[in-house]
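You will see two complexes here that share chain A, one where it goes with chain B and one where it goes with chain C.
Right, the complex of A and B next:
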C-alpha cells in the first residue's frame, strides 16, 4: 500500500491536502542533533582555554577532535535529504542572501575552516613535527603533510601558536554559539509554523547543544579512558558532571519558560498544540524529553555531583559515582535526540489550518530511513577513531620540546 | 512567447537580427558566466520573445467570491489537467474545502480528493448554522515567505506578481514548503522539486485565463490585472468587502476573498 495512503487513514481532523506528506524526516532530526554535539563539545573545549578550567584539561583535545568528527558528518544528513543533492553547491555559488538556510552554509564553512581546523592545527602543530621526526611510513608523511610545511619549533613560533590558538578560541566561542543558534533560527524564523516560530528557539537550541556536548564528552572521555586501561581522572569527571548539571538547569528553565509563555499567551494555535503534545508527542516529549532526559538526570547529577555541595548531597564512592554520571549522560543524549525529534517532526504533525493532526511513518530502508540515520549517528564515532589514530589527544602522547633556552 | 516563465523576470522587447546574433554569441560564452549569474537570468537574456508582452505592465491577482462557489471541484480537476499535477490525492495546486459549522459552534472541514468530483452530501447529526465552500490556492503573496527562505533563489516572484519555481534550479530542500502558511506547495515526486500554482502563467501571459477560472461555472473565481482599473479583478475589489487569509502573518496575499467566514484558515 502507498505509504501516503496509509498516513491519510490516520489523519485526525482536517489537514491541507498537501500536508499528508511529511517533508522533513528523520535525517533532518539527526542534523541538528549532530551540530548540537559539535557546538557543545567545542564550548566545553573553550572552557579550558579561555576560563582556564584545569580539571577538564584531559578532555580538551578530545573535545576538539569530537567536534570535528561530528561537524564533518553533520552536513551529510542534509545532503542525503535533498531532492537534488547534486545541486547543493548552488547554495554557495548563487546564494539567496535573504534565506536563513543559505546563510547557514557560510556560518558552517566559517566554523569549519576558520575556527575548528585552525584551532586543531595550531594546537597539534608542535606535536606533529615531533611525531614526524620519530615515525616512519605513512603516519610520518601524514603528519609532515599536516604541518603544511610549518616545522619551525623555535620558542617564538611556539609562543605564536599559543597566542593565535587563544585568539581563535575567543572567536570560536561566539562562532559555536552562532553555529547552533543559527540552526535554531532556521526553525524559529518560520512564521507559518506556530510550534517553531519563537524567538526562544535559537536560545533553547544553544543550551540544549551545550548540554548534549558536555554529556557526550563525559561519555567519550569515560569510555576511552576505560578502554585504554588508564585511571579515570575523577576531578575531571566531577567537574564535567557539575557543568552538565548547571547547563541542564539553564536548558530546563528555558524550555519551561517557552512552555509557560505559550500556555499563558494561549494564541489560536494553543488547542491544536496541546492536542499534539498529549497525543502524538506524549512518548517523545513528556516521557523521553522531559522526564527521562531532563528530570531524572537533574536529580541524579544534582544529588551525586559536587555541583550543589562539595562532596555531593549523597556522598557516593567514585566507582558508583562515575557510573551514575555515565547513566545520566546517556539519558541526556536520549532526551536531546527526542528534543530534536519533537521540534522537527512535532512541528509537522499538526496542520497549518490548526484543525488536524497527521502522523509520521518512519521507513526502515531508503535514504530517509532508520538505517541511514543510524549509520549517520555511528559514522562520527568512526571518524573520531580515525582522527584519534592520526592525532592522539592523550596527555601522554604530548611531546615536549627540548629547548636550551626556555620561553 | 515560447517560454514566458523564463522571460518574465526581465522581459525584453522584440530583438533585431544583429542583436540576435550578439545574443547567440553571448550564449555560447555563457558557461563561463554561469558561476556568477543565475542560469535562469542568462537564459532569459538569450531567449527570443515574440509578442509585445511586458511583465512590467501587469500585476496579477485573483478574487474569490465564497458565496458563489458550489463545490463542483471542476477548478481543481482542470488545474491537474492543465498543469500535469500528479493525480494522487495529496498533490494540489488548488483545492476546495467544505465548511460545515454547527449550531453548537463546532466546525467540520473536509476536502475529499481536493474536491475533485464534487462533495457527497453528509447526513448531519446536528443542526447546521451555516455551510459553504472555499477554493484554496497559492496566495501569490506580495511578501512571499517561500521566496524569502529559498536558499538558492529557485523560487522567485516575477515582476507581474506571480511566484514561480525554477525546476532546473530547485535543490529540493523543501524549506519553501515549510515556510508556506497556506499549504499551497508540494514536492513533485517525479522531479523532486517544489511545485505550486503559477496562476497558469503560460496562459495568462498570452492573454488567456487560468484554467481554474476558465472552467468555473459560477464565476466564483475572478482573475485579473491589478494595474488595470477596468479589469474584472479591479472591479471585484471595488465592489466587495475583501478579506485575505492569515493577514496577521503579513504576507500580503493577492488572492482576495469576498464573503469569507472567520472560520476559514
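Right, the complex of A and C next:
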C-alpha cells in the first residue's frame, strides 16, 4: 500500500501534512513524569525539615535519595529523544537567555547541585564519617571520599550541618516548585496550542507532581519496609495518606478549574478538544486519569485515611488500611502518568486547523519505543538501590528514637 | 569558617574554574560575534561548492522554454526543482546534462491525490489515472494546461471502464445508470453520482415485458428475489455471461 495512504487511514478530518506524525513521543511523556516525582519526593522531605511533621520522619532520607535517583535518570529521556547526548553540555557553555528550554538546564543543575546533593551531603556527613571508621574496603573509601575530607564531628560542626541543611531545604522548596513549574511552563507557554496554552498548566503540573511524589514515597516506604521485614510505621503511613488526600483534592480542584474555565470560555478550539477528549483520549483521560487515577483514590483515601476523621470514616484494621493506601498510590501513579500522556500526546493529536485528528502509533523497539521508556521507568529504582547501598537511609530513622536528631 | 564550608567552597571553586576552563577551550572563538551561533560557520558555509545555478542562468541559453515557462502555470516552480542542481551544467553545458524526470513517479509528488492539499489544486490518483503512460506524453511540464473536467468517466474510474468495455454492458454509457451531477467532475469527493435505486430501472431492459431487443436476458421481476435490488447480486459493470 502507498505509505501516504496508510498514514492517511489514521487521520480523521482535515489536518496539515506535517501534523500526521507526532514529534514528541513516549520519551517526552516519561520526562515530566520523572521530574514530577523528583519535585514531589523533595517536597515531602521538606515537610519533615521545615514544617516539622514528625510522623513522616522515616521517609525523610528515603525521599531525598529517591528524588536524587529520579533526578539522575530524568534527563536521559530528553537526551535519548533529542539524540547527540554528547552535545548536551553545550547549553551550559553557551547559555542562551532567550530560550526557556536552555535556561531550564540551569534550573536543573541548580536543583541537582545546590539543593539535592548539598542537602544529602549535609544530612549524611556525620554518618559517613562514623561509617568510614567502622568499615573496610571500597565502601570505606567511598564514604571517605564523599565526606570531601570534612570529618569534623564537633558539636559546632554538627550544629552547622543542621542549620545549613534547614536553610537548603528552605531554598529547596521554591526550587522544587521552580523545577516542575518550569516543566509546566514549557507546555503552558506554547501559545499556538490551545490544549497546552494556559497559565494554570504550571500550577497543575506542580500539584500533580506533589501528588505523584507523595504516592511514590508511600509505595517505596511500604515496600522497602516489608522487604526488610520491619514493622510498618502506621502513623507515618496514615500521615502520608492524609497528605496525599489533601494534595489530590487541590490537584483535582485545579484540574476541574482548568476544565470549567475552558468550557465556559468556549474558544474556537473547544469543538476539536471535546472531540479529542471523547475519542482519542477517552481511555487515558476519562477512564485512567479522571476515574481510576483521581476519583477512586480520592474515595479510597477519603474514607480510609485519617484525613477527614481521626480514625478514618470506615475505621479499617491496619493491614487492610495500608493495602488500600498502596492500591490508591498505584492508581495515582497510573493516573499521573496518564496526565503526562494526555498533555504531551494529546496536545499533538489535533490539527492546528482545528478540523482534524491524527493518531499516535507507539513503537515497541528503538530509542523512542516502549521498551526504552519502560527501562527508563525502571532505571531510577536501580539507581535508588545503589544509593541505598552506599547511603543507607534506615539507620538514622531507627536511631532517631534514642538520639534526638532534629533542631 | 567551618570545615564543611571550606570544603564546599573548594568544590564550588573547582566547578566554576572547570566551567570557565571548559568555556575557554570548547567554545569556538567566533561564537557570539553576530548572534547566538558560531560566526565562522557562515564563512564555512560560504566556501561550500555552489550546486544550483538559478533560473536566470537557464534563461541565458534556453530562451524559448523559459519564455514559455514564465507565463505558464508552473512559473513559480523553478527549473531546478524538476531538473536538479544545474551549476555544473552551466560550467560545461556539453559534458554535463541535467536530468529530466520522464517517469510517472515524479509528478505525483505534487499532483498525487492528498486530501490535505488545497481545494482546486490539480490532483490525480496515480494508480487509476491512465496507468503506465508517462505524464509528459500528455502534459507539457513547461506549460501545463489548466485542469479540465474529464471528458470520460474512465479518466478516473479506469478499472471500472476497462471491465465494462469487455462486458455485455459495453455499449451502455455510464450516465445511463448513474445520474451524475456536473459538479462531480470538479469536486468528485464532495458530490457523488447516483446509483439505480429500484428494480424497475434494470427491469426497463430486463423485465419480461420490457421494450428492448429480444437478445437481452429477461427476468420475471415478480418471482426473482423481489426483496433485493438487482446490483446487490449482479455486478452491473461486468454482468455474468449467458
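Assume the second predicted complex is superposed on the first by the 383 of 407 C-alpha atoms of A that agree within 3 Å, B and C clash if a C-alpha of one lies under 4 Å from a C-alpha of the other, contacts with A are read in each partner's own complex, and residues count from 1 in each chain.
Just so it is clear, a residue touches a chain if its C-beta (ideal position, glycine included) is under 8 Å from a C-beta of that chain, and two chains touch if they have at least 3 such contacts.
All values derive from a computational prediction rather than experimental measurement.
> Aligned on chain A, chain B and chain C: do they clash or fit?
On the superposed model, which is not a single observed complex, chain B and chain C clash.
> Quick one: is A:148 in contact with chain B, with chain C, with both, or with neither? Answer first, second, both or neither.
In the superposition, A:148 contacts chain C only.
> What is the contact status of A:93 with respect to chain B (first) and chain C (second): first, second, both, or neither?
Once the two structures are laid over each other on A, A:93 reaches both partners.
> Answer with first, second, both or neither: which of chain B and chain C does A:231 touch in the superposed model?
The answer is neither, since A:231 touches no partner chain.
> Looking at A:157 after the superposition, I want to know if it touches chain B, chain C, both of them or none. Which is it: first, second, both, neither?
Touch partner of A:157: chain C, not chain B.
> Taking the superposition as given, does A:17 touch the first partner, chain B, the second, chain C, both, or neither?
A:17: touches chain B and chain C.
> One more residue to check, A:125. First (chain B), second (chain C), both or neither?
second
> Between chain C and chain B, which one touches more residues of chain A when both complexes sit on the common chain A?
Counted on chain A, the partner with more touching residues turns out to be B.
> Can A:8 be said to touch chain B (first), chain C (second), both, or neither?
both
> Pick from 59-67, 95-103 or 113-121: which stretch of chain C gets in the way of chain B?
None of the options clash except 113-121.
> For chain A, what residues appear in both contact lists, the one with chain B and the one with chain C?
Touching chain B and chain C on chain A: residues 4, 8, 14-17, 90, 93-94, 96, 98.
> Using the touch definition from the top, list the residues of chain C that touch chain A in their complex.
Against chain A, chain C makes touches at 2-8, 10-11, 15, 19, 22-23, 26-27, 31-32, 36, 112, 114-116.
> If you look only at chain B, which of its residues touch chain A in the complex?
Touching chain A: residues 35, 37-38, 88-92, 95, 97, 107-111, 114, 136, 145, 147-153, 169-175, 177-187, 191-193, 249, 265 of chain B.
> Hey, which residues of chain A end up touching chain C in the complex?
Touching chain C from chain A are residues 4, 8, 14-17, 89-90, 92-94, 96, 98, 113, 118, 122, 125, 148-152, 156-157, 160-161, 164.
> Which of the residues in chain A end up touching chain B in this complex?
2, 4, 8, 13-21, 23-24, 78, 81-85, 87-88, 90-91, 93-96, 98-102, 105, 186, 190-193, 348, 351-355
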